[in-house]
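Two complexes are shown next, each including subunit A; its partner changes from subunit B in the first to subunit C in the second.
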Partner chain A sequence: MSAEFNLISELYDKVLVLKTEGYINNTGGEKIAGEFSKYSGIEKVILDLEKSKVVNSIGISYLIEVIEKLSQINGKMVFTNLDPAIEKTFKIMGIFQFAEKAGSVDEALK
Partner chain B sequence: MKVMNENVELEIKLPKLRDIELVADKALEQMGSYFGIPYDKIGEARIIVNEAIINSLEHAGEENPFVHVKFIMTKEKLIILVSDKGKGFNPGEIESPDIKKKITSNNKRGWGLKLMKSMSDNLVIESGESGTKISIIKNLI
Partner chain C sequence: MVKVSLQIDSFQEAFEVLSKSFTISQMINNFLQLLKTNFLPFDIYLFHRTSSDSEWTGIGEGIEKGNHDLSFLNKTSRQIDFFENNKYDVSVVLPLSDSSWLGILLKQKPDGTEFSDIDKITLLIFLQVFDSAHKAFLNQKKEKELIFELNEKIFQLNNLIDTGIELSKYEKRDVLFELALERISSLTNSSSALVKILNIKNNELVQQYTFPVGFSPEKIVNSPHKAEYSFNHFNFTYHFILSEKETRSGTTSFNELDEMLLSAVCRQVQVVIENEYLQQQNLEKEKMEKELNLAAAIQQKILPKELPSIEGYEIAGTNIPSKEVGGDYYDCIKLGDNRYALIIADVAGKGISAALLVNTLNAALYSYLEFNLPLTEMADKLNKLIFNSSPPDKYITFFIAVLNAKSGELDVVNAGHNPILLLRSDGTLEKIEAGGVGLGMLDFGLPFPGQKFMMNKGDKLFLYTDGIPEAMNEKEEDYSEERMINFFINHSKLPANEFIDLLVKDVKLFTGQTEQSDDITLLEILRK
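And now, the complex of A and B:
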């Protein structure tokens, strides 16, 4: 068995919005990091996890990779529509020291 | 799945296949629904279980590429038992990850044990040359 993972990307100037659907495991995480690496000059990535209710730490390690690249250019990642357990996971890992969260994509775009 | 008055027990033997942890994840979701467990609590339990299974499958080795998973759930509590017959590891030798170091490190992995410990109410790891057993209690209220 394998989990389906879909990614929709939208570009607004220097802001990349990535909307995920499905399990963020190594495959999902790799797709997110791969999509980010297609663009140059991105200063903000909004990662909308409304349709991702399951994650694992291997998938999250790819998100840390994106956060690292963004922090090198004073950019930032903003998570939106976080499931409570995923938000707690990020808190435990200390991810909010380097990334932000918002209630919705519109809020994060402001 | 054995259903009793106040307990639901489930035992599964998972082979080493991609995303196989989702089988246990779905079962846990179903058991949580049966008892009406709050969404956030079952979500945390799912994170623990996924990490425990992924960790065990990594250590299970090729001779016995299976992980045994057992859940005992009541309305108040979930007991999670995950075991493998791999070569084992010394949990005391595992360094707790620090995001400030990980963010610049080439190895950004290694969060499983920290997540399991932080999300659970009790965690015991017994590991030796003949395998590893992880016993976890997660309060659900």
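And now, the complex of A and C:
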């Protein structure tokens, strides 16, 4: 895992694919929420966490913020390539009540 | 009234829109849009201040605070004023439940209609809707925060349990420390973390790991907000540091719960390291026990199962190995022509290396004795062999006597061994002292001088290793050579085998519960 948090953003019509690398903490969460807010009319955000193995609750609060904004417009967030530890954390934090998970980005794009 | 009734639905909708806002600022912005929609003929300006002492902030695009007369909002309680022929038609000051304030200035557009009674009622209802929505928003926000905090605590507890289980799975140290740092950073919302492994004696850094990997350790050490925990194990100090507790608005100091979580994870790491150490100790112990068993097996194979019977003589001997297996050796080898070689030896050191060296000595001895070499020459050859086939700290004290059983003549070489005792029938004790250094100690060509003695009827020759005089009791006192010699003299009338048994018993009586630290080997021959 890199010392710096990196974010790659790809836009497919109204679907925003965000690929993270590194610790999803305050910095990481802020970057994700910031990238999402750059676009209007986004209906689906696919967050690929293949290169992120650690998340803290500050990072999660940013993810919840994005999920809430999406739910206001009946949009959704889909997590892909989840590390088992992160998946368990999201489950405990109740994230999957409002977001989905998929095995891969391609699967989530379908 | 028709207009108001038509708006009832829109009030409900307004409440939902407002109460579902993400932030207060978004809520006020939404309220501004609602008012603008419902009061089209008017210019509407909204202001917000966080407390009664703070400045008003204009809401919405293009609003310049300086362009407005804020003295209309200079009120200390809820107030709604309607004016005629004034700068504004309406001013509203509304205190909110979070101690912030909402200010509204409403001004008729040049071509607009008058602010009617219906408009007044509509505005009052909207203000009520905003107030209720604001309270609902705060409640929802508080509820969300409580749920989040509760979930976070469950997450911390769960993570702590999982961390303990997962840490115990890792044998590789780097994985162990990386996982511990990841988990504790996640649990405490730390920006970064470090573990420094220091040499306990000189405090020198041996190894360090950071989270995230590659993060600067110096930044962590010099951070203003830190939590630290250390423990010592064996020769090392393990020093964990957490740096910069994150919040949505920056970083802060770590709290008591963070310190507890840090110490809990560190203690789990400590348990893993200690268990690993104990496991390693057990493996080494097992390995040592196997080695000792092997050494004992080698030794027992070499030692005589039974001594030859020599006409006109009584002979008895025994070897009692210690737990660690020393390198004692004794034998009585029949050479032909009624000659017998009596040998006793003791390898410096214990365990398998000592046993192997005894094995070498035994093999060489049998070989050289076949060639009937003079003892001094044989001792010289054995010395060279042991010197070349053993490490510098290994040598053998060695005594050999070749007995001509018919004549009683003894050819003797004592290479660094304890004095051998020859007790004459008249009670005179002769000590056959060492005539050279131990075998394998030096290879300078130093001679091993031989000596000759006669064994007459009633004479006894007593060979022993230092396991007897150096046997120690609970008070750390030696059995001593003096006590052994006295025992030998005082029991000179006993048959050889009885003497051996009794001496061993006396030594055991002396040492009591103290563990035998060295092999005990005895050989006695008596000319009848």
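Keep in mind that, in the parts below, the second predicted complex is superposed on the first by the 107 of 110 C-alpha atoms of A that agree within 3 Å, B and C clash if a C-alpha of one lies under 4 Å from a C-alpha of the other, contacts with A are read in each partner's own complex, and residues count from 1 in each chain.
Following the convention adopted for this analysis, a residue touches a chain if its C-beta (ideal position, glycine included) is under 8 Å from a C-beta of that chain, and two chains touch if they have at least 3 such contacts.
What you see is a predicted model; the values in this text were computed from it and never measured.
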Partner chain(s) touched by A:98 [first = subunit B, second = subunit C, both, neither]: first
First, second, both or neither for A:56, with subunit B first and subunit C second: both
Which superposed partner A:68 touches (first subunit B, second subunit C, both, neither): both
Contacts of A:22 with subunit B and subunit C, given as first, second, both or neither: second
Which of subunit B and subunit C A:12 touches, first, second, both or neither: neither
Contacts of A:3 with subunit B and subunit C, given as first, second, both or neither: both
Touched partner set for A:85, first subunit B, second subunit C, both or neither: both
Subunit B versus subunit C as contact partner of A:39, first or second or both or neither: neither
Set of subunit A residues, in rising order, touched by both subunit B and subunit C: 1-3, 23, 25, 53-58, 61, 64-65, 68, 85, 88-89, 92-94
Partner subunit B, residues of subunit A touching it in the complex: 1-3, 23, 25, 53-58, 60-62, 64-65, 67-68, 71, 83-86, 88-89, 92-95, 97-98
Touch list for subunit A against partner subunit C, complex: 1-4, 22-23, 25-27, 53-58, 61, 64-65, 68-69, 72, 85, 88-89, 92-94
Residues of subunit B that touch subunit A when the two form their complex: 17-23, 25, 39-40, 43-44, 46-47, 50-51, 54, 97-100, 102-104, 108-112, 114-115, 118-119
Contact footprint of subunit A on subunit C as seen in their complex: 20, 22, 147-148, 151-152, 154-155, 158-159, 162, 182, 185-187, 189-191, 210-216, 246-248
